[in-house]
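All chains are identified by letter, namely A, B and C, in their written order; residue positions are counted from 1 within each chain.
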Amino acid sequence: ELTLKSSDTHPDGYPTVEAVKHMGKLLKERTNDRICVEVFHSAQLGQEKDTIEQTKFGVIDLNRVSMGPFNNLVEETKVVSLPYVFKGVDHMHRVMDGPIGDDILKAFEPHGYVGLAFYDGGSRSFYNKVKPIKSIEDLKGMKVRVMQSDIFVDMMTALGANATPMPYGEVYSAIQTGVIDGAENNWPSFESSGHYEVAGYYTLDEHLIVPEVLVMSKASWDKLSAEDQAAVRQAAKDSVSVMREMWVAREKASEEKVRAAGVEVITEIDKAPFMAAMDSVYEKHVTSDKLKDLVARIRSTD
Amino acid sequence: MKSVAWALRHVARLALWLAAAGLIMMTVFITAQVVARYIFNDSLVWSEPAAVILMGWFIFLGAAVGIREGYHLSFDVMLYFLPQSAKLWLYSVSDLVVTGFGVGMVWFGSQLALSAWDVKLPSLGISGAFDFLPIVGGGVLMVLFSMERLARRAAGMPTARFGETDPLED
Amino acid sequence: MEVWVLFGTFVFLLLIGTPVAFCLGVASFATVLYLGLPPVVVFQQLNSGVSVFALMAIPFFIFAGELMVRGDIARRLVALAGAMVGHMRGGLGQVNITASVLFGGISGSAAADATAIGGLMIPQMKEKGYSVEYGVNVTVVSSIIALMLPPSHNMIIYSISAGGRLSIADLFTAGIIPGLLLAVSLMITAWFVAKKAGYPTETFPGWAMLGAIFFNAIPGILLIVIIFGGVRSGIFTASESSCIAAVYALLVTTLAYRTMNWTSFVEATKAAVRTTAMVLLVIGCAASFGWLLAFLRIPAELVELMKAVSDNPIIILLMINLVLLMLGTFMDMSPLIVITTPIFLPVATAFGVDPVHFGVILVLNLGIGLCTPPVGTVLFVGCAVGRISVWDAIRTIWPFYGAAVFTLLLVTYIPSLSLWLPSLFH
């Protein structure tokens, strides 16, 4: 009866797209065909900034988005976008699956969204065409493309690199021709964008491990009965494990392809100086008591 | 009506000047970015978002002036076969429809601006409302200029259309 | 029913002469109201449709074109083309086409090309005894060359519509051979048409004169080198190159040629704003329209429909080309790129067509649409410059349409025409 429209900027077959489809399948079974989900993948309904607004206005019901566009809207999401805040992917899972994750999901509600679940966004690392980055000194003066976000720009500046915002579509030729020296991303994007063809050095510093989030429009949510709300929330939670399995497989496949292409992957790297350089970024962006408390809680999670 | 037309001509002139200034500023910003990056190895993070907002302003201001000056592309082939009086009625329907769309731009553009009020734009540090103000400003002018067209037609004064070379002589 | 509201409103408004941008915008507005969705989404898409960094190439290239026309760069290029090919059969027709190749290499706009070259050539051709129709026909169809040769902002629009993941530099490079091929087939056509009509040839001015005219045109030709060289050597990105083109045109016309005064500069800027505002408003409104198409799942259904008809890529490409040519006859280029890329690119790639190759097909195909009535911006411009009616122009334009469609078929079925050159840079 009721079809929930869901948006995703990733293409069909991508782990997040498949996860939301899986959620729809579960929901359909559990509500006896009353509620199903229709996924609009490949940014058909717009870029994330647009679909976030559309979700708020109730034009679409579900939305899988990255945290970045929410940073200046829902303060709590900033904390997971901080560089080196997590010790690794497993640590991120433990934090987001626990009470801290629940608190962040709840923080969406006053802004017109219902936070349902966190998906993986992988871990972002630096790649470039000039030289292997083995220490923080190697990054000095390098022109690195980052997303248009204050935290990311400040992080690059703190590392001594030259943060260069640029539309994603221009990055390939920009690296190829030398407008910029490199960029940063996770394994699957490094591979699918073809950037590995032009950037031969990938340094696994994992500076950002930012989960992605599935939110529902508060307007659509309020139309559901309490029972259906519970069913939606549960189906979303249940889709997370499917997503994570697919993500690991995808990451592995991308890694194999990139390594086979002869990209030099730098794994042995002392992250301590990188983390130490982040003090100024934390000082500037972790300003409220709420954020300070969240950072402290993440740091004290095993 | 003549004095209203005179006043609106000056509004249109001012809007076109502002739009032209916007284009020139945009040229300066992007050139500055290229020079800073290539010569001084120092990227300007604000140049791209600032240029995009400027572009919004000059598009919507320019588009509004286009209604007054009649330079929007339209498809007049069917109208060739109609008598002049029928044509004038249909032009008025068009102008009414454009007025309605302009009202939508003002109303819903304001709604978007309000909802983005608390959002801070990255790299610029200004309110997200600035993203949507061009729509609101352009919408106000569109409503004004398309209502002027209706009034001019009612008063028997000429209105400009795409492909006509003679400009408004008021 | 929603589909009928969307297309019905659009066609009705189009027929009563509402500006195309508003036909798209109001049809979307009406459909959203009919569906009971918050109308705010229409205006959000209108705004985000034009708030795209790479679209900046449109105002910049148009601005550069205006400066070149008003600052004498275009006239010197036409003079050079005249000295080079004027002595061939069809004389000024060949000059017109060659000038479009030279000018096309520095401008991305077919309308600018038709205005600049047509404005200079058509009066000359009339004077020398050519029929005005011939002049308009050659001007109009050869201006498609400007879309194919780099820089072309339509390639940038395509890259954005394809999700922003295609290399603009590759798309630029891919258009070169098809653009030159189009020039050659138009020149051959012009030769035959001129022969039949008995048009005169110009006298070859001699190598010394040719050298002097070439010297005069060097600053204009250098722009091609600067744009292409700058993008390929990493000084600036493809979309930034548009801004450099405008700055360079301004520098040449004020410092080298000294042909640009304050009044012409202000007029050029205002003209650029007018054209840009018109084009980008259509793109913004097309974004709302495209959003509704996606929301109503029309692209997905069309893909299914086409897959049901055939699974042969040759047939599929032919079908896509026919649909695009048809759409191109009644809509303008940029909105069609924005609307049709998300619909047809997935179909084409599903049948193994390279996205860069598809971009070249799309731009060439829709470029032909710019020259066909009822809605053909370039045809309108050409007729306005030559002061003849659209009907007079299209009665004799058929050989040139034929040459363009023939080139389109070659480009469609021989992928290496598009893909070989970019592959050299990988």
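One rule holds in what follows: contacts are C-beta pairs under 8 Å (C-beta built on N, C-alpha and C of every residue); 3 or more make two chains touch, one makes a residue touch a chain.
By chain, with names taken from UniProt: B = TRAP transporter small permease protein; C = TRAP transporter large permease protein.
From a predicted model like this one, the values you see are computed outputs, not experimental measurements.
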Query raised in the report: If you take the mean of the Cα atoms for each chain, which one ends up farthest from chain B?
Result: A
Report summary line: By C-alpha centres, the chain nearest the middle of everything shown is C
**Report entry** Centre-to-centre distance between chain C and chain A (centres being mean Cα positions), rounded to whole Å
**Finding:** 38
Report task. Could you put a whole-Å number on the gap between the CA centroids of chain B and chain C? Result -> 24
Report summary line: For the pair chain A and chain B, the C-alpha centroid-to-centroid distance in angstrom is 37
Query - Two or more partner chains touched - positions in chain C - result: 40, 44, 53, 235-236
Query raised in the report: Do you know which chain B residues sit against two or more other chains?
Result: 48, 112
Report summary line: For chain A, residue numbers touching 2 or more other chains are 53, 166, 179
Report task. Sort out for me which residues of chain B touch chain C in the complex. Result -> 16, 19-20, 22-24, 26-27, 30-31, 33-34, 38, 48, 51-53, 55-56, 58-63, 65-67, 69, 71-79, 87, 90-91, 93-94, 97-98, 100-101, 104-105, 108-109, 111-112, 131-132, 134-135, 161-163, 165
Query raised in the report: How about chain C: which of its residues touch chain B in the complex?
Result: 13-22, 25-26, 29, 39-40, 42-44, 46-47, 50-53, 55-56, 59-60, 63, 235-236, 240, 243-244, 246-247, 266, 269-270, 272-274, 276-278, 280-282, 284, 330, 332, 373-375, 377, 380, 384
Requested in this report: State the interface residues of chain B toward chain A in the complex, per the touch definition above.
Outcome: 37, 41-43, 45, 48-49, 112, 115-116, 118-123, 128
**Report entry** Parts of chain C lying in touch with chain A, wherever the complex brings them together
**Finding:** 37-38, 40-41, 44-45, 48, 53-54, 159-160, 163-170, 231-239, 291, 294-295, 299, 342, 425-426
Requested in this report: Would you pull the chain A residues touching chain C in the complex into a rising list?
Outcome: 5, 40, 42-47, 49-50, 53-54, 57-59, 166-170, 172-174, 176-179, 193, 197
